[in-house]
Amino acid sequence: MTTPAVGIRGVTKRFGDVVAVDNIDLDITDGEFFSLLGPSGCGKTTTLRMIAGLEYPTEGSITIHGEEMGLRPPNKRPVNTVFQSYALFPHMTVAGNVAFGLQMQKISEDETNRRVGEAIDLVRLSGMENRRPGMLSGGQQQRVALARALVNRPEVLLLDEPLGALDLKLRQAMQLELKEIQREVGITFVYVTHDQEEALTMSDRIAVMNDGQLLQVAPSEEIYERPNTRFVAEFIGETNLITGTVSEPGVVKLEDGSLVRARTHSAAGTAVTLNLRPEKIDLHNTEETIPEHFNKLSGTISRRLYFGDSLFYEVNFGHTIVDAREENRPGRQRFEEGAPIVAAFHPDSAQALTE
Amino acid sequence: MTAKADGPVTAELEARAEKAESRRGLFLALPSYIYLLFLFALPLVIIGVYSFASRSRTGMPKLEAWNLDSITKLFTDDLVRSIFARSLIVAVLTTTFCLLVGYPFAYYIATRSEKMRNLLLVFVMIPFWTNFLVRTYAWRVLLGEDGLITELGRFLNLWDSMLFTLPAVYIGLIYGFLPFMVLPLYAAIERLDWSLIEAARDLYASGWEAFRKVTLPLTKQGIIAGSILVFIPSLGAYVTPDILGGAKTTLIGNYVVNQFLTARNWPLGSSVSMAIMVVMLIATIWYFRSGAKTL
Amino acid sequence: MTARQSTTLTRRLDRFLTGHAWLVYLFFYLPILVLIVFSFNESRFFTWEALSLRWYRQMFANDNLMAALWVSLQVATISTIVSTVLGTAAALALERYKRWLGKRTFDALLYLPVIIPDVTMAAMLLVFFTSLGQQLSITTIVLSHIAFNISFVSIVVRARLANLDPSLEEAAADLYAGRWQAFRKVTLPLIMPGVLGGALLALTLSLDDVVITQFVKGPDTLPTFVFGLIKRGVTPEINAVSTLMLTASVVLVLSSLALQRKK
């Protein structure tokens, strides 16, 4: 295996009595778009700041392309940061901000000018070079922050919730643009966010954190389709968690005694939680229309919500209530509240979790 | 940086880095720290010690024959007691007057449009920064024998020259310290969320009730801050009573100056100035207790 | 009427507040204006005679007064420079460094000179200098002025620092600036209005102080000299000096307000 862009070994960060990051190990591959995802206070920002050198670990090792960072100050690390508040220098122009890092590195004026021009082109801010940050919109400030970091050609670019302050439309546009820029420059991006949708859209791989610990590190699709814990399943997207017991390999017995086939490797007798996403459930009037190998459960619609692009049903199975989502497409049957239905789902869609 | 800086971090190394950082903080503060220890804390201790010293024939304190005379005099000497009492009354009344005049004034400024607010505020800032001695002197001119205010009083047949009387001292003190009251009051009223008053009115409060139950409690910080800022200098006032007051209006500030520069009783002067400071400290601690973070 | 007025004030109350405010402004400015007007009066008495610069000429010809002015300028300049440097460093230490030995004590010590009454501080310093056997001189005045000015400067600079996003300094470090470069290129330019504002406050306080200077002075400063004159009685010459001092004050306020605008 090649040397990781960022290697984290046994890193712990304590603030007084509070453990912000608890003995984590993590490798971030060269050139990937990597996200640290978790609720606020989970330690993701602290992890990022430790890579940047803005915070030192209490113990542990952080390497950048194999080189130990130890207690090196931020100005001696080959990484750059895009700050949550952008942290643009208000007393300098856009060009002044972008040139700052190069000037500090004593790079020749000619090269500085050339690279600043390129960076400003890259983020499509040509013509704004002489404006002050205060005169720019949020989205433009965000681009300046990005150019200011990228112009230094860092080995790793660290981004701390850079889109948090933007409104939804702009955020979505910037997500695509960021991803494109990352492909273009080929630099490793480490991206901190609490927005799971954002993480799923942009990342090659995601690390889900909670309480200072890494719960799961995997490609986006795997995080969504095969979460390894109840926390990850619930944090990423919407889901139903149904308790039961493994009765034989591949079969889970629910609380009311009904049996469903599910993805599980646990031995018989293990208490598990089934993770079943609302969109994986199909609702039918009768069993007859359901393919043979699907799981079938009978229940009644207890509530229906109209979401525009989809319809959202609460289905009462007696022992539990499950959410189901059906796309709003022509010809799709709608169910009234109180209607008896049969819910169907593929065995692969139900995943048994033990943690 | 040590050679180990580029190795993995251990708890010991991190602690060392944190110590280096904290040394930098101390290093920055050190010059002023030392300065204030020598030119503030030490003098404070010395004056405290002098309160227990005895007076030599030349007036200088003798650092022997320690006694409580200067302290007990604060409580037993009729002159000291009456001056102290008068000063407290003057300080309290000055503060009250400033509050009564300053609150509606600050309220007026805070309820103008933003442009107007800033302009009006500039005209409060000017007297706030203007030379205090000059401002006090101006009243000596106005209240003097042929001063404008005196002429007005004679014309109305209401008063004659007030110079060298207690009213003159009050006028001077209020004039001097009113800006100290207005600025924190303004800051508090300006910060007010006006929809709260609308909410109170919506919930059937009359204008006066809304003011008493919402505005007043929410601007309490400003009232206390302004009161402290007026009370402390009024209690220690020296220039104003010296220029505008007379022999019968001696305040505690004048008394201290007298003990040091004229009567040459330093132990007594020391104990009296310590007493002023104690009153001031009590007022300040009470202020911080009431939930304020800064002055 | 603005929104905040219409909902909160009745018209009658507003009229009362307006009238009250104008009276307060009159109270603030009438004495000062009278002083200025009479400083240009030919007569020695408070009856208008003719426009004249007589008292200003007399003032500039008064050697003692000019000497006092010179002492004041020296004291104010030196004490402002020293206290601005020390006070700014103290503000940085308190706002930008989390923990260090004696931080809390220092914080309290820094506040005391602001809240202590002038006479107490004056007495303290006099007693201190004499017990050291220090001859009272211009040096003792400067030392005393620095002692109270450090606190005022640090309060003003701290307010500015507290409003400065700390990630700006982190960004500078992240962009390869060393400690000193980050301070020079980012922190200092951004807190400059606060530093200059603190310096102006120090300058004003130094030029205003009577009580403390009175105790520790060798030579007279302008305020103590004028104070001495005032105690002897009102003269048009004092009006002229006062007008001069007022002008200096107003110039200082306006510059400090201009600095505050620069956000």
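Here the chain labels run A, B and C in written order, and each chain numbers its own residues starting at 1.
Just so we're on the same page, a residue touches a chain if its C-beta (ideal position, glycine included) is under 8 Å from a C-beta of that chain, and two chains touch if they have at least 3 such contacts.
Given the structure is predicted, the values throughout are model-derived calculations rather than measurements.
A.B. asks: Fewest touch steps from chain B to chain C?
C.D. replies: So the least number of steps between the two chains is 1.
A.B. asks: For the pairs A-C and A-B, output the one whose chains share more C-beta pairs in contact.
C.D. replies: A-C
A.B. asks: Averaging over Cα atoms per chain, report the distance between chain B and chain C in Å.
C.D. replies: Those two chain centres are 15 Å apart.
A.B. asks: Just how far, in Å, is the C-alpha centre of chain B from the one of chain A?
C.D. replies: The computed centroid separation for chain A versus chain B comes out at 56 Å.
A.B. asks: Touching two or more other chains, which residues of chain B qualify?
C.D. replies: 18
A.B. asks: In chain C, which residues are in touch with two or more of the other chains?
C.D. replies: None at all.
A.B. asks: Residues of chain A touching chain C in their complex?
C.D. replies: 52-54, 73-76, 79-81, 83-85, 87-91, 100-101, 104-105, 148-149, 152
A.B. asks: Note which residues of chain C are touching chain B in the complex, please.
C.D. replies: 2-5, 7-10, 13-14, 16-18, 20-21, 24-25, 27-32, 34-35, 38, 45-47, 86-87, 89-90, 92-94, 96-103, 106, 109-128, 130-131, 143-144, 146-147, 150-151, 154-155, 204, 207-208, 210-211, 214-215, 223, 226-227, 230-231, 234, 238-239, 242, 245-246, 248-250, 252-253, 256-257
A.B. asks: Touching residues of chain C toward chain A in the complex: what are they?
C.D. replies: So the residues of chain C touching chain A come out as 165, 167-168, 170-178, 181-182, 185-186, 189-190.
A.B. asks: Can you list the residues on chain B that touch chain A in the complex?
C.D. replies: 1, 4-11, 13-14, 17-18
A.B. asks: Provide the residue numbers of chain B that touch chain C in the complex, in ascending order.
C.D. replies: 18, 21-26, 28-29, 31-33, 35-37, 39-44, 46-47, 50, 60, 101, 104-105, 107-109, 111-113, 120, 122-135, 137-142, 144, 146-148, 175, 178-179, 194, 197-198, 201, 207, 210, 228, 232-233, 235-236, 238-239, 242-243, 252-253, 256-257, 260-261, 266, 269-270, 273-274, 276-277, 280, 284, 294-295
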